[in-house]
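My structure is below; once you've seen it, I'll send some questions.
For reference, chains read A, B, C, D and E in written order, and residue numbers begin at 1 within each chain.
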Amino acid sequence: MLVLLLLLIPLITGLGLFAIKNEQQTKTIALLSATATTVVALLLVFNKATIIYDTPWLQSLGARFTLKADGMAKILCLLTAISYPLIFVAVYQRSYKNSASFYGLMLLTQVGLMGVFLAADALLFYFFWELALIPVYFLCSIWGGEKRIAITFKFFIYTFIGSLLMLIGLLYVYFQTVDHSFAWESFKAVSLGGKEQAAVFALMFIAFAIKMPIFPFHTWQPDAYEQSPTAVTMVLSAVMVKMGIYAILRWLIPIVPMASAQHAHMVIVLSVIGMIYASLIAIKQDDIKRLIAYSSIAHIGLMSAAMFTNNAAATTGVMIQMFNHGINVLGLWIIAEVIEQQLGTRKLSELGGLAQKAPAMAILLVILSLANVALPLTNAFVGEFLMFNGLFQYNIWIMAIAGTSIILAAVYTLNMVQKVIYGELGSASVNATDISGHVKVVLIAIVLMILAFGVFPQHLIELVK
Amino acid sequence: MSTIQILFFLLSVLAIFSAIMMLISKNPVHSVLWLITVFFAISGHYILLNAQFLAIVNLIVYAGAIMVLFLFVIMLMNLNADAEPRKHQWMKLAGVISGGCFLMVLISLVRQTVEITGKTALVKEGNIGLIKNLGKALFSDFVVPFEISSVLFLSAMVGAVVIGKKD
Amino acid sequence: MPIQYYIYFCLTLFSIGIVGVLTRRNAIIVFMCIELMLNAVNLLLVAFSKMHHGAALAGNPATTAGIDGQLFVFFIMVVAAAEVSVGLAIIVMMYRNTHSVDINFLNRLKN
Amino acid sequence: MSKIVFLVPLFPLLGFLINGLGRKSLQKQATAVIGSGVIFCSFLLSCYLFSLVPAGDGVVKLFDFIKVDGFSIPFSFQVDQLSVLFLLIITGIGFLIHLYSAAYMKEETADHYARYFAYLNLFVFSMLLLVMGSNYVIMFIGWEGVGLCSYLLIGYWFKNANYNYAAKKAFIMNRIGDLGFLLAVFLILFKLGTVEYNEVFAGISTLSTADITTITLLLFVGAMGKSAQIPLYTWLPDAMAGPTPVSALIHAATMVTAGIYMIARSNILYTMAPTTQTVVAIIGLATAIFAATIALKQNDIKKVLAYSTVSQLGYMFLGLGVGAYTGAVFHVMTHAFFKALLFLGAGSVIHAMHHEQDIRKMGNLKKYMPITHITFLLACLAIAGIPPFSGFFSKDEILAAAFAHSPIYYFIGVGGALMTAFYMFRLYTLTFLGNFRGTHEREHHLHESPAAMTIPLIVLAVLSVIGGFMGIPAVFAADSHWLEHYLAPIFAGSTALVTPHHLSHTQEYMMMGIVTAFIIAVILYAVNTYKKGIGEKEEAKGIGKLLENKWYVDELYDAVIVSPLHSFAGFLKNVIEKTGIDGVVNGVGKFVAYGSRQLRLVQSGQVANYLLIMILSMVIFFIIWFNDLHIMRFINKLF
Amino acid sequence: MNAIIFSAVLGVLLMFSGILFQKKSAITATAVASLTLLLIVNVAETSGWIAIAFDTKNLLSFTKFGLFFNTILFAATLIFVLLSGTEIEKTGVNTAEYYALILFVLCGISILTAFNGLLMLFLGIEIMSIPLYILTGADKKNLKSNEASLKYFLMGAFSTGIMLMGIALVYGATGSFDLNAGANKPGSAGLEIPSFLKSAGYILLFASMCFKVSAAPFHFWTPDVYDGAPSVFTSFMATIVKAAGFFAFIHLFETNAAFLGPSWKILVSFVIVATLIAGNITAVFQQSIKRMLAYSSIAQAGFMLLALFSNNDMAREGIILYAVAYCLATIGFFAVLIKVKDYTFDGFNGLAKKEPILAFVATIFLLSLAGIPLTAGFFAKYYMLASVVKNGGALWLVITAVLFAAVSVYYYFKVIQSMYFKDGNPEVASGSAMYKNGLLLLAAAIIVIGVLPSIVLNWFYF
């Protein structure tokens, strides 16, 4: 029942919000809902057992409404749940036109995300997968930046193609199941031949690769991140890209293990190329949002490479890194949002010297940046350590090449830090003031999480075991 | 060559010739007349096949009613002078060629059909084409389509009225 | 008569009808060509009907096999008549509005 | 013991938190007291630990840091002779430098003052983690942590873009080394399934020589970055952008010696990998000479000291490379004393000169700053290796070991020592002797520094003078090398593996004598040459210009690595990403749109055309039907 | 049989209602009543309460599947009339006749869902088609409507000719018009050899059926006719009529596909791919939403053809679901479209501001057409894909279909973009409250089916 609440709370409030006109009320209700969800998620996390909710749905199709919260699902639900109140508080002062619809759609997205992470039935999974996408399409297209319509459209169609291919893959497996069921267990029990596995792998992998995104399917992402309203960007990059990774861990590798192992090399090489590639491009970015976007691609690249190393520790690393990367990147986006809101620019060349005007923000940005470069004792370190370790055991040379990304990460992250907060005041930062109280609260919460999970990562590791 | 064969070929040649003439005559009225000739030839075929009822119906319905209707319309529109501008030559050529291809393909198909080799259409004999037999069948086995075709007529009638009458 | 002859003949007529549909511009003539096609089919059906009848007759003198073919022709005629009434009405309506029955001018709707 | 070990790093951490969080509200006084106080507490604790060590049990586990299938990494501390020695150096010198900073940084506003102390405390914390960690991962945590603090402190004056650049450079170059370190950790983890020192060293026998060589080389790459060895040394001179006490603490006394600590800690690995040892020795030696040559022509007081540090670090690596682990650690210690002293002295000078660092504009400062002068001179003598100052003993130990290994090492090393003596006394002379060459206004303001700054100078001067007696070579008195005895348990594994070959006493005396004589000659020559000062406009030529421009290494790196990388990144961003990948993605869309425009032309509106296409497609249908088997075969081939 | 009789009789009744009632709304009301009655009698027959038994001499056979299909199409027609009745009234003066013709079309449809031989197929198609020629030309003063009508008629008659030739050839080969007649004679090697004549006949039949369901390359009439016809009748033609056509198509080839041998799969996949290309790709560049919908209906036909390709149980269930989903969404969207004056995309700019409810329901309909989950359209497409996957092989066809589904998202979402993301002041006739509520109910139905498609299918299975 607890897991069902994770879906119901945002669903009901999300739909209910459309009826509300008052902006203040909207915000309050949305925030309350998000907080309630977080509480439920926390209860779920503290409950050690795997919680299952199961009810018939489409029996003729062999699909059931099955939600299953095991460690990996829990940690991602927690991420989804936690990020929402943080986002809502962070954008509390920002006034979106038609705010009821905005918050309503945001909450509906949350339903989709939760569903994706909880679903233990392939068809249900696919449903939520799409459900998470549709509200985002509207959110970005209505409240986004200048080129929002075309960019969002590209993003939507791109991911939509992927998900349809995934559907074919799922269908294919479904017809091979013994009991004609979409249940995860039945899927796992299917043993496909080599050629079939390869086909299913190709179909499903493309969907997940686009979602994550893995080089060279990534071009929608910087554009989408740049053009989306920042609150949505936060959801996209903190939570939504994790859908792809999660899906690979849950729905791809266990179901077609042979093909996964066969293609692991290709995926890992692609991912590593993507890491280096995105890092290099990030170095040359002048737009803070695009920079974070490329940095995110690089980080995701590491996760996707580590997943395919077939190494238990690395997989653990991926799981906790999903959470940690979500938290970190959320913080970075909040900073980007604050900068853009306040100074009206995202160009690094126009910024600078914010440490003088906004010391609190500067400190928080530095800590977030450190987490971004996976400095030890920040949360990202543990994940990256485990993942690199897995990659190392897979192939030392690939790991060595991938490892250069930690240098490059330092380069672009410190570039950003330097250009934003250090140096003389830039043309746009003359009028800057420090971040407001509630943004500070959010960021401090994030920083505390960064440090807490950096020093005591074992709690997360225990959770995902 | 028996009489029937001679008749067959005569009628066939007549029909084809008339059809081609219908196709190429510039004056629509001429076309109508040529088409009526075709229908007559076909009715001749029906008689050869001892399908007397159909032969008569063909004459009455087609050559009589339908073609007269055509003629009326053409005259109503005063199209008897050649009102038709020339079509693009290539389009004509393409039409003839594709029609020819279609014919060729179908004929080659028929030529390869094994099961009809040596089969003949019963000429002169066989009385299924007689009105008595047809009537029996029509009102017993085929009464449903017969009744249903009334709906067809009704709708055609309604349609013609709806379309044709002045608002 | 060998059935092939009928088939070839009917197909030829049918194809002439097709060629006419493709090459003529006058809507009425086009329609007439379609009628020609229908007639070709009719004759073919009757020929087949007699063929099947002939085949069945050998075994059973009282058979009515093949009668359905001729009845089908009857229904085709019914339909053709109905079509003609509607079709001519449409052509007349068209003519009233445009004073033309040239199908080449039917290109307000395209692309 | 296990109960209090964690307090040692905890105090600086507390200091960091209090100063960092309270920087808006704390008075400067309070900041300084807290900042220095916590370090002093740690120092006292370290002293206590020092007294416990011979009896102590070593490893203290706090909690499980990472525990996954396959391996577990505890968060635990190892307290033994080596770490306690470093603890003392770090907290001791750290405390002095904190004290010194309290006065040196007086001009900063209260919150920046607090920020400074917070960073400094954080640095000490990280450094303590580095040396106290009982496994490579904890060491790596400290390793990166000190890099971070170095970054923060170099860029302390964040308004200056150049300083930020220097800070960034330091961090990134360190990261290059860190990657090597990390790879080594992974390799250890892969081969042995553990990163705990005790277990690694115990399991070493199961490893092949190739593995050990790889591990040690990779670890050494880490050390290169942290301890500023060729080719990763260029960040250290630039790091002088930070406040001078920072240079003293981080870039002279403690952080840069982390590489030496690490190798000393892993001595058994290195001993078992002779190839690596050779590499270490050669790189150390090359760095020692190379940096010394650059130092000869530098005019920035801190730059000279920086290159000197790089050079001295090179000596330490030489020592490690030739197996003189004790010597290297010994040199770390003495170097910490005198180099910290030199930096603090330089800081005192800079403080007096109002942040003027060009030695060509100084001179005759001994008149205004007697304490600074004396202490600085003592430090110069120590670094030059004049007996009985501390530097003599430690450097001699290394050189002696080098000679035992290969005389070539020795002679080159001695050449470096001579250069050291030369540039140090060039520096000393230009700064303190001769006439003052700055403006009158500046001369007017010259003053001795306050007590908070001079007391550390004096303490360090005393240490620089007497520090060497901790390791009196056997040639003077048998069994009087206290340090060697003290550290013997740490290096026991290594000493067991190598057969020591001692030089004869006569030989040793002779070498000492000759070298000392040479050094004294060089010193005199330097003092003589530079008494008059050097002109600012003096254009260096030939090799001098080369040295003045630091062999153009920075420019070389820029041309060979940085610029190509940037243009490659630009190429990726503008060409591959935009027109390449995104072009393909958008191209699909464009292709569809183009297809749409073309395809709708088929919809010509002409009935005849439509019917024509229908007829033709029927013909095609028939053709397909005729040839279905061929087509099927074709399709099957395709898929 | 109920449906055939009642639709014919009620059609005649409606014809006379024009004389009885002066007010057009009364005629509409009668139509609604008639359709409801029709629906009821059909359900009655399906469930076996009241069925007019009639010996059809094996010419018609009333299966549950066919009757259920009838129910769906009748219900769709009812919804169509409820939503767009006022528009039918506005189209011309002959309201009663239009309703009568619609009922005659339904009569034809009832035959098509029950035919058991080529004769009834032919009659059914003609009864369905001839009223449509009229309805297309209902807007007599509008040249586009005239043109569409004439084009439709000429091409329709031509395809009838093709179909008849096909029937004739089949008859020649088998001597019967029964669907299952004339098993192939075993050849010398004991293998069944396909009868060339029969195959040729069925290929021609295939072509003409393709024409009826507007499958490429026989689709050319569709855009022009749908575009030219009065919008309300386009809505009817594009949905109910087309669905019936599909039923007939699938029914016709259910048993007769096998003997065409491997070429059958090639032919169908050729047609599917061509249809998907022609529909989707051409739709991308359209400026008029109405014309875009015409192309999109071709594209949807491409998807429905997958049922023909797979030809299994799942395909049959799927075609039901597809019919429901597609009819509801298209009828709904047309009901909105009719209210907007300018049919171009720009004419929809800013609709969400002016008429939020219309825009919202239109969005749901479009999402359903695009096959987005949570809408009925998803399961429709899902079943189609699943039926093909179930047969194994032919993954490439599924992938192609899916890629084109993604293309379809492009043009459907362009409408959403116009409504929601662009500013403008569209001229839109505001509908009555009943109309809006009806639309909302329809949208709700689409979502409910999208979540629980078994609602529809369970009726089928009872």
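One rule holds for everything that comes next: a contact is a pair of C-beta atoms (placed from the backbone, for glycine too) under 8 Å apart; a residue touches a chain by one contact, two chains touch by 3 or more.
The structure presented is a predicted model; accordingly, all values stated were derived computationally and were not measured.
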Where the centre means the average of the CA atoms, what chain is farthest from subunit E?
D
More contacting C-beta pairs: A-E or C-E?
C-E
Report the chain closest to the protein's overall CA mean, measuring from each chain's own CA mean.
A
Farthest chain from subunit A by C-alpha centroid distance is chain B
Distance between the centres, which are taken as Cα means, of subunit B and subunit A, whole angstrom:
71
Between the Cα centroids of subunit B and subunit E the separation in whole angstrom comes to 32
Gap in Å, rounded to a whole number, between the CA centres of subunit E and subunit D
77
At what distance in angstrom does the C-alpha mean of subunit C lie from that of subunit A?
66
At which residue positions does subunit D touch at least two other chains?
600, 603, 605, 607-609, 611-612, 615, 618, 622
Per-residue overlap in subunit A, given as positions that touch at least 2 other chains:
none
Expected list for subunit B, residues touching two or more other chains, is 87, 91, 94-95, 98-99, 102, 106, 109-110, 116, 141-142, 145, 149, 152, 155-156, 159, 163
Strictly by the criterion at the top, what is the full list of touching chain pairs?
A-D, A-E, B-C, B-D, B-E, C-D, C-E, D-E
Contact footprint of subunit D on subunit C as seen in their complex
18, 21-23, 25, 30, 103-104, 106-111
For the complex, which residues does subunit B have touching subunit D?
87, 91, 94-95, 98-99, 101-102, 105-106, 109
Subunit D to subunit B touching residues, read off their complex:
608-609, 612, 615-616, 618-619, 622-623
Interfacial residue positions of subunit D with respect to subunit A in the complex
63-71, 111, 137, 140-141, 143-145, 148, 151-152, 155, 158-161, 164-165, 168, 171-172, 175-176, 178-179, 182-183, 186-187, 189-190, 565-566, 568-570, 572-573, 576-577, 581-582, 585-586, 589
Interface residues, subunit E side, partner subunit C - complex
119, 122-123, 126, 130, 133-134, 137, 140-141, 143-144, 146-151, 153-154, 157-158, 160-161, 164-165, 167-169, 171-172, 175-177, 223-225, 227-228
